[in-house]
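Two complexes, one shared chain (chain A), two partners (chain B, chain C).
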Partner chain A sequence: MTALALALLLPWVVGVVLLLADGRRKLVGWAAVAGLLANLGALIWLAVRVLPDGEQTIVTGGWTDGVGIVLRADALGVVFALLSSLVVLAALVHEVLEGVRSRTFPALVVLLATGLTGLFLTGDVFNFYVFFELAMIAAYVLTAYGDDRHQLGAALIFAVVNLVGSFLFLIAVAATYHVTGTLEMSEVAARMADVEPNAAILIAVTFFVAFGTKLGLFPFHFWLPAVYAGTRPAVAAILSGALANIGAYGLLRFGAGLLPNELELGSTVLIVIGSSSVIYGALLAVSRRDPAEMLAYSAIGQAGYVLVALGVGGPIGLAAAVLYAILNALSKALLFLSGALRGALVAAAFAVGALSLAGMPPAAGFLGKLQLFRTGVEEGSVALIVLLFCGGALSFVYAFQLYQHEFWRGDRVAVGTDSEKGVPAEPSGVAVRAVSVVLALLVLGLGIWPEPLLSLSADAAAVLHGGAVR
Partner chain B sequence: MSVLTEAIARLLLAPALMVAGAILVKGYVDVGDGFSAAVIVTLAVALQYLVLGARRTEEEIPLLRFAPRAAIAGLLIALASGFFPLLFGDPLFSHEPGPGKRPIHVGRLELMTPVLFDVGVFLLVAGALIALIHHLAEPPELEEEGHPAPAAASPAAPAAREEASR
Partner chain C sequence: MTLIFAIAAGVVFGAGAFLVLTNDLVRVVAGMVLISQSAVLVVISSGLTRGDAPILPTGDKTPSDPLVQAMALTAIVIGLAVTALLLAIVARVRATLRSLEVRELARDEAEHTAELEQSLDTMHEQLASDEAKEEQ
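Right, the complex of A and B next:
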């Protein structure tokens, strides 16, 4: 219980206090890093307690069930919270080492981490929304970080589209409360079976559109390339590596956890949308030359894989969806962070990320693809396996096209300057590069010793299909 | 703005503050809470800004420059009153004195931690809204260009700007 409360309280207080300080000073940046480290520590402590024993629940104020707000840490939530916290930490350390340019950057990053931790560890639909907004509001401001025209444009698009997404989500929450009379997730799941099918389908579709918008799935993807290409690398890493987890987690928790019947009913639609996302994202990524834009399109494709796995469902499909979401977040963060750097070892770190994205064996991304193939085989669907193969092949093409374009061309130029007249880039500082290298080693390590990750994702998926102690 | 509006704006401030205070403290026996109290205060302050302009208002009520800090302090107070039971091993957001126990009375005012929480909410909402109004009344671009900002206002201004963007 203490770990759960501390994981929320520590980053919250640190973030709020840091708002007073000038974030451009190194000391403040490191204080923010310390806050996130404390958060990560509390989450690890929580994970150690939660993973063997099922889950931990706090009902606020000691009220009876149905009155108090429920905070619940189960395997799925803890895994996603750990992942997001780790990615945010890496991005923050990267930016602090590079030199923070705005007063509020460190505080906002810590508050964003608070929001993410909160929403992954809540057992209440409305509380989910509250933390979700906390994270989103921090993200709106972060997208504008840099105060350049590009960043402001990106922030505008990001804020408008995601406000619509949040609004849809809120409508779906209200509708859920209207038909079930409760906001507590396990109660909602129990009562949803008796709800009139039309209403339930409508709610499920609204949730799907809301999370699809966050995740940037194919028909709702239009905002993603402009935003990822416009923001600074550290922010893009946070958006694609941490914030996009909300979409994946939301689809898993609300789809497979709360609305399993509707998920089953819509599985064909999900697989079709997921497949078109995969193909569309991959084809457009191949055609792009700008690294950030290419990664953005690739993010659309990767989100499609998660959706396909979710659509197939069952223990294997859900575990594959969790695993894929985790690995994708890690490789995306690694690619965004290392793609902006110059100097020795950066290219190697980037190559590890590219391998992971393409699903090649030494890197961890391979596991994700492997699990997806297993899902396809289990389902006995030739179309799915062909799709996975084509998607994988295309991602191999664009990942290494990018690698070649970025790191093999002789005239390296500084990021943000025009490639024709730009000055050759200075090698980045050793410490900044070390962040990417550590992240790359983590991705490699998980690929070489996959067992912990596989069991984690199986545990997390077990929460959804009821395999674990609930 | 005519003399009349100016006079009314000045006259309204004190009663508005009093009403807000009453709404804030009676929240636990009657309708009212920190949020609505803060909105009332902000409305009264907004009227001052509208009538007197940002600079004169902030000269007359120097307290307004602390709005961003008040918001942060309020958030910390609210967090503290929610999370303090952690120290005693009680569930989060338990209140003190607990259900069934008699709170300390000061007249009709009951002292308990939820009141503290609402004071936090009051400070947070009022601080954030006033910081926003400051920016609407005197956007940062204006401060930097044409109008040389008064020396006293400048230290708080960057803090307020950041606060508002939050």
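Right, the complex of A and C next:
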């Protein structure tokens, strides 16, 4: 219980205090890192308690059950919170070592981590919206970070599109309250079965559109490439490795957790949208030449896999969706962080990320692809297996096109008008490279010893379909 | 009553969406404000009971649902923060581009992309000529 409260309060306080300080000073940056480390520590402590004995719940403000806002940590939430916190921490350390360029950057990153932790650990639908906005607002500001004036336009588009998504989410929350009379997730799930089917389907579709926008799925993806293409690598890593988890988690929690009947009804639609997302993202990624844009389109494709797994459903499909979301977040963060660096071992770290993205055996991404294939076999659908194979082959092509582009060309000509964006030819500092290498080792380690991750994702998925938590 | 709320929320949302699609950045922000207000309308109309002020229920009439009022207040506050943020971004766009038009923003971005492509092309050409020289 203390761990749950600490995981939220510590970064919150640190974030607010740091807003007053000048983030460009090293000390402030390291204080932010310490805040995030505390958050990660509390989450690990929480995970150690939650994973063996099931969920932990707090009713805030000392209210009685059913009145106060409920914070709940279960396996699914803890897994996603840990993952996001880890990615954000890696990105922040990377940026602090490289040199922070704006006053507010460290504080905003810490507040974003707070919002993410909160929304993964809340048991209340409206509270989810509040934390979600906290994380998103920090992200809107972070997109404009980096002094590139072209980023402003991207930040504006990002903010407007995602705000429309957020307000749609709010409307869906209001509708959920109207038809079920409660905001508590477990109660909503229990009462949703008796709701009139028309209303339930409308609510489900609105939630889907809201999270689809966030995740950047195929018909809602148009904002994504412009945003990723111009941001600093650390921000791109945060956006694709931590913020995109909101979409995946939201689809899992609200789709499979709260509206399982509607999810089943719409499974064909989900699989079709997911498949088109996979193909569209992969094809455009192959055709792009700017590395950041290539990775952005690849993110659209990777989101499609999560949706396909979710559409197939069942214990195997859901576990595959969780696993794929985790591995994709890790490999994307690794690719964005190491792609901007130069020097010994960086290319190796990038190669591990590229292998993971393409789903080659020594890296952890292989597990994700393997579980997806299992899902396809379980479903008995040849079309699905062919799709997964084509998507995998294409991701192999663009991942190594990217590798060749980034590391085999020697000195690169500065890209764009400002020489700032060009990658320096001299090697980056040892400490910055160490961050990428540690992430790469993690991805490699998870691939070589996959057992913990597999059981973790199975546990997380078990929360959703009501299976027994070990 | 629900129908009136539904129509009002729909009209406000539609007006907001229309403004978001216009060329003027300030109108885009105004459109976002309208969309956020339509969400607040939906929240307040989703209350389960309607009646007396819920602060001190007298027992004669059913009190209105206090929960949706709390939610609407929170939503209004978040909407305010978001509006301030959007206006700040628009102000910075105005300071750097000296324009408040979406078209200008798009043109600037298109130019930037073209420059990027061009510099990549020159890079490829240079590499090709370097290779050719080496072969000779």
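One rule holds in what follows: the second predicted complex is superposed on the first by the 456 of 470 C-alpha atoms of A that agree within 3 Å, B and C clash if a C-alpha of one lies under 4 Å from a C-alpha of the other, contacts with A are read in each partner's own complex, and residues count from 1 in each chain.
In this section, a residue touches a chain if its C-beta (ideal position, glycine included) is under 8 Å from a C-beta of that chain, and two chains touch if they have at least 3 such contacts.
Quantities reported herein were computed from a predicted structural model and do not represent experimental measurements.
**Q** Are chain B and chain C a fit on chain A, or do they clash, once the structures share the same frame?
**A** fit
**Q** Of the partners chain B and chain C, which touch A:167 in the superposed model: first, second, both, neither?
**A** Only chain C is touched by A:167; chain B is not.
**Q** How many degrees, to the nearest 10, separate the directions from chain A's C-alpha centre towards those of chain B and chain C?
**A** 50
**Q** Under the stated touch criterion, which partner chain does A:126 make contact with: chain B (first), chain C (second), both, or neither?
**A** After superposition on chain A, A:126 lies in contact with chain C alone.
**Q** Tell me the contact category for A:141 with respect to chain B and chain C: first, second, both or neither.
**A** The answer is both, since A:141 touches chain B and chain C.
**Q** Once the structures are superposed on A, label A:59 by its partner contacts, choosing first (chain B), second (chain C), both or neither.
**A** first
**Q** Of the partners chain B and chain C, which touch A:2 in the superposed model: first, second, both, neither?
**A** In the superposition, A:2 contacts chain B only.
**Q** Quick check on the superposed pair: does A:17 touch chain B, chain C, both, or neither? Answer first, second, both or neither.
**A** So A:17 only meets chain B here.
**Q** Touching A:175 in the superposition: chain B (first), chain C (second), both, neither?
**A** Second partner only, chain C.
**Q** Considering only touches as defined above, state whether A:155 meets chain B (first), chain C (second), both or neither.
**A** Only chain C is touched by A:155; chain B is not.
**Q** Would you check which partner chain A:269 touches, where first means chain B only, second means chain C only, and both and neither mean what they say?
**A** neither
**Q** Going by the contact rule stated at the top, is it chain B or chain C that touches a larger number of residues on chain A?
**A** C
**Q** Minimum CA distance, chain B versus chain C, superposed model, integer angstrom?
**A** When the complexes share the chain A frame, the smallest chain B-chain C C-alpha distance is 6 Å.
**Q** I'd like to check the shared interface: which positions of chain A are touched by both chain B and chain C across the two complexes?
**A** Chain A residues touching both partners: 137, 141.
**Q** Mind listing the chain A positions that touch chain B in their complex?
**A** 1-2, 5-6, 9, 12-13, 16-17, 19-20, 58-62, 68-69, 71, 103-104, 108, 137, 141
**Q** Which residues of chain A touch chain C in their complex?
**A** 126, 130, 133, 137, 140-141, 144, 149-150, 152-156, 159-160, 163-164, 167-168, 170-171, 173-175, 177-178, 181, 183, 226, 289-290, 409, 412-417
**Q** Residues of chain C touching chain A in their complex?
**A** 20, 25, 28, 32, 35-36, 38-39, 42-43, 45-48, 67-68, 71, 74-75, 78, 81-82, 85-86, 89-90, 92-93, 96-97, 105-106, 108-109, 112, 115-117, 119-120, 122-123, 126-127
**Q** Within their complex, state which residues of chain B touch chain A.
**A** 69, 72, 75-76, 79, 83, 86, 90-95, 158-159, 162-163, 165-166
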